[in-house]
Amino acid sequence: MTTFHGVVPPVVTPLTETFEVDYESYSRVLEHLIAGGVHGLFVLGSTSEVIFHDEATRRRILEHTVKVVNGRLPVLAGVIDPTTDRVIGHAKTAQSIGVDAVVVTAPFYTRTSQPEVIDHFRYVREALDVPVIAYDIPVCVHTKLERKTTVALAQEGTIAGLKDSSGDDGNFRYCLLDLGDRRDFFLMTGSEIVVDNALQMGAHGVVPGLANVDPAGYVRLWNHARAGDWVAARKEQERLCRLFEMVWVSLPRTSAGSAGVGAFKTAMRRLGVIASNTMARPQRTLNADEAATIETIVRSVGLLN
Amino acid sequence: MTTFHGVVPPVVTPLTETFEVDYESYSRVLEHLIAGGVHGLFVLGSTSEVIFHDEATRRRILEHTVKVVNGRLPVLAGVIDPTTDRVIGHAKTAQSIGVDAVVVTAPFYTRTSQPEVIDHFRYVREALDVPVIAYDIPVCVHTKLERKTTVALAQEGTIAGLKDSSGDDGNFRYCLLDLGDRRDFFLMTGSEIVVDNALQMGAHGVVPGLANVDPAGYVRLWNHARAGDWVAARKEQERLCRLFEMVWVSLPRTSAGSAGVGAFKTAMRRLGVIASNTMARPQRTLNADEAATIETIVRSVGLLN
Amino acid sequence: MTTFHGVVPPVVTPLTETFEVDYESYSRVLEHLIAGGVHGLFVLGSTSEVIFHDEATRRRILEHTVKVVNGRLPVLAGVIDPTTDRVIGHAKTAQSIGVDAVVVTAPFYTRTSQPEVIDHFRYVREALDVPVIAYDIPVCVHTKLERKTTVALAQEGTIAGLKDSSGDDGNFRYCLLDLGDRRDFFLMTGSEIVVDNALQMGAHGVVPGLANVDPAGYVRLWNHARAGDWVAARKEQERLCRLFEMVWVSLPRTSAGSAGVGAFKTAMRRLGVIASNTMARPQRTLNADEAATIETIVRSVGLLN
Amino acid sequence: MTTFHGVVPPVVTPLTETFEVDYESYSRVLEHLIAGGVHGLFVLGSTSEVIFHDEATRRRILEHTVKVVNGRLPVLAGVIDPTTDRVIGHAKTAQSIGVDAVVVTAPFYTRTSQPEVIDHFRYVREALDVPVIAYDIPVCVHTKLERKTTVALAQEGTIAGLKDSSGDDGNFRYCLLDLGDRRDFFLMTGSEIVVDNALQMGAHGVVPGLANVDPAGYVRLWNHARAGDWVAARKEQERLCRLFEMVWVSLPRTSAGSAGVGAFKTAMRRLGVIASNTMARPQRTLNADEAATIETIVRSVGLLN
């Protein structure tokens, strides 16, 4: 198996009602995930609201994570900002704190191209000693990592893995066909709802935001897939699909961005993991009615008695 | 006339070949623009490659600008980053340095909504004492400032002006119809090529990247429009349209982002304003062949003998 | 001046409540436009709901038009369907009926390319004896006619004109700069709301759907522009912009497609030109509340006493 | 099992070099598919170049199909055109010829909405006696059939099935979860490359254009899935993914539209099924070099010795 594999949740960053990171709750999130049996942690990803946090806060989150995790699991750190040298700045900090790899998107805000994207990853890699993982998330950066780009970067050793949150499962499959036999490269899906499919294709792992709510569910799904029991895998996946319906509860009152992570936070609050479901500004926090609907969903899949 | 008006170029940030800001060249850019007769300066905008610069560099650019300009012209400062509190951080710095207004885009990377965009501007405004100007640039942030959003923010006093780089001239016209009679609100176009039209509609000013190359041309255009001489305005605009063709010279070898600002830098180098046409990473710098083509264009409109 | 020029409305096709063409009303529409002083007629365009009509109905509409117009004005006929040979079929019919030119879009439904678009226009031209006019309407066909495509087709004589409904005024301007001095080629804008701008740039005419409601208004605007009185042109344009606000009245109850033409029909019914505001299926027809709002708008610009 | 199920290829329509339907080749295509063991036939779909054919040609293709198939397999007929009453026209013809169901897309060219899409399917259904199948193909019609739309139409009995060519596997899964237990409703994927996944989710069938080249391969994949042998299903799918690489061979010389179906035709010509790989105008036909590359691909997966 590749170094990084299995269920690697993008870790939610709980906030206080005054928009500070709530480190007590955050410690509980980390322990909740570890207790759920996950295989790694992806901090400062989109689900972590990384884009809302400045350099100092990001540093403190990473330091806290590394201290709490204390080597029990590999830690991947998102180093997400619009352009190359700013990403390198974040990445050097993350490296110095001791993360196991950094996760990098294509440039954004700037109008870029696939050759520039390739150069971007090369520049970042050259500046670091830790592995660089590519993060394909066109819904946020508005550039797709094309198959050729991913394969070229993998074959030359610039990137050590891919987190695919593009929703383009066909393209993901071709990356698996092109690269899946390399023991030094892994491919993970960011999907919550077609994880069984991705694993059946040969994916090495999964990075589902919903695992913040139900880590044990995704671990069961992973174990069923490892055992080749696709009937059980599908059944567990379908249960998780029903749980995932929480992400549409607050639409259109909130944006799509806050509806998803906001639902995870709301469910985690109900489960006693975090103290508040506050979202970073300018996102809207889910309200009491929405929380009640989410509680019903959480209950319906057996997470609450 | 509104406080801010006229030709307000988004100021190019020259770099050395090792990707540092070249402050000697930068001072020359500022003097070149002032000598050209422009009415204000917009620093740290998209054309300034703001998104490539970290906090410390942005601070130093603003300090340098304010020192060199020394009150001769109003200075608008872009405070462009993905989310609210990071924008506020930049804006407080800019305010403390003494800029006359800050320029703010909609959030990006995060999937947002018009109500969140409205809240975003309100939060930024509440944190500051200087005027906030909205910057509509969907090609970069992938969210359009809808007419209703702009008008609501203007009418409640949250924003003091709009820089419209959306290319949606119909929408711009309706904003002018809704808001054009307010003496405390201005509307500027970010276009280089339909400036005469925008002024004919009643726009208060123009923010053309190409004015870095030919500030005097845009000032002539502005003066013709002020005088109601639309025949001369059109003639000057058409000359500038021919000059603007430089932005396509390096396509598709470079990205659209680097093709435009890279062309401006290449022309400015030829005109002796800056020392290098280096672009911030991962953008590609224009090469000798492309520079030769650009020189031909510059010469054809009379900027070189 | 080019052969085709001036105000050339895309003619609304009135329907009965049982979705048949209402030819009595249609004759009144044609007379209403001619009486308003327009310079040509564009039938079977998007505003005519051409895409809802089959071959037999299109033929009858053209025959009726040619008979009623009886040479008083040039008649342009849209021959709009997804692919080349089907377009040629419509075009041969239109030619045999005696229209003065046919209007052709890029292919749609099929995933096409600019070289295929060029071939498409060439094949259509080769099959006909009447002039072919290119119709750039990416909001419907999802392909933009690039400047290079339009200029190449114009220079080789394949197309005799362009109707630009793309909203990309910068691109339109470059087409005017490249082609505007040819006496055998005309460029018209499909805009309702920046017509004064297009004429100031040098456009040869305008094809505004809203002219079905107020042909005389657009003719006044045209005449002001011809006289170089841009102050009066702007004033008339701004009045028409206020009238154009009718197109948003029924949103989001109806689609954007039916909201626009549906508003024109509703206003025309109120003005006594047509008998019913029925829209072709599956579009929704505007209701009584929406009609009342539209009446208020029509009244506010002086079209009703 | 639902009435319609299994492998249902969208049947390629071979053309002569003068752009007429080549009925001799077409008969061979039908026999080739039936011999390959497929479970149904979808004629006049996108792969059939339906959008290039006029009413008379469509009628003759259907008549020929029904005569050749002669009840051996169910025949689904695409009735694809932009708007409701034109679709009804095609559908009545298809019904009179004796097809088993008609396949209908959302409206296109017109700017539509989900409520209009729902009305569209209702109007079509009311006009017919045969089942109506919804065809979700946003890449062609630029409107997605939302989950709510599909589920509502299914639950009220308006549509009897869905062909999903949207590539949105998550949405497809939710449709399966909402509707998969209905015995009177089927869901098929239009994918060529994640068919094993779709079947693992519970899809009732698959409509792959590539089955024109290798029907037996998809039938094997279907049989492996029916037997629950997901290892063998994946292996067969991966072989077919390698075969599918033919669809990129002619890019960017041809459009995406002609590259795909053009590759299928080129492979089928090499396999002796059809006489010419001619594409309908204005699409470009694949050339000899491209045909040689495709032959290599076809050979590499064992279809040629």
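General remarks:
The chains carry the letters A, B, C and D, assigned in the order they are written, with residues numbered from 1 in each.
By definition in this document, contacts are C-beta pairs under 8 Å (C-beta built on N, C-alpha and C of every residue); 3 or more make two chains touch, one makes a residue touch a chain.
All figures in this text were calculated on a predicted structure; none of them were measured in a lab.
Shared contact partners of chain B and chain C are absent; no chain touches both. A separation of 36 Å divides the Cα centre of chain A from that of chain D.
Put simply, the C-alpha centre of chain B and that of chain D have 49 angstrom between them. Counting only residues that touch two or more partner chains, chain B has none.
Pairwise chain contacts present here: A-B, A-D, B-C, C-D [touch as defined]. Remark: chain D residues 19, 46, 51-52, 54-55, 80, 82-86, 89, 107-113, 115-117, 119-120, 123, 139-142, 252, 254-258, 280-284 touch chain C in the complex. Chain B makes touch with chain C in their complex at residues 167-170, 173-174, 177, 191, 193-194, 196-197, 200-202, 228, 230-231, 234, 238, 241-242.
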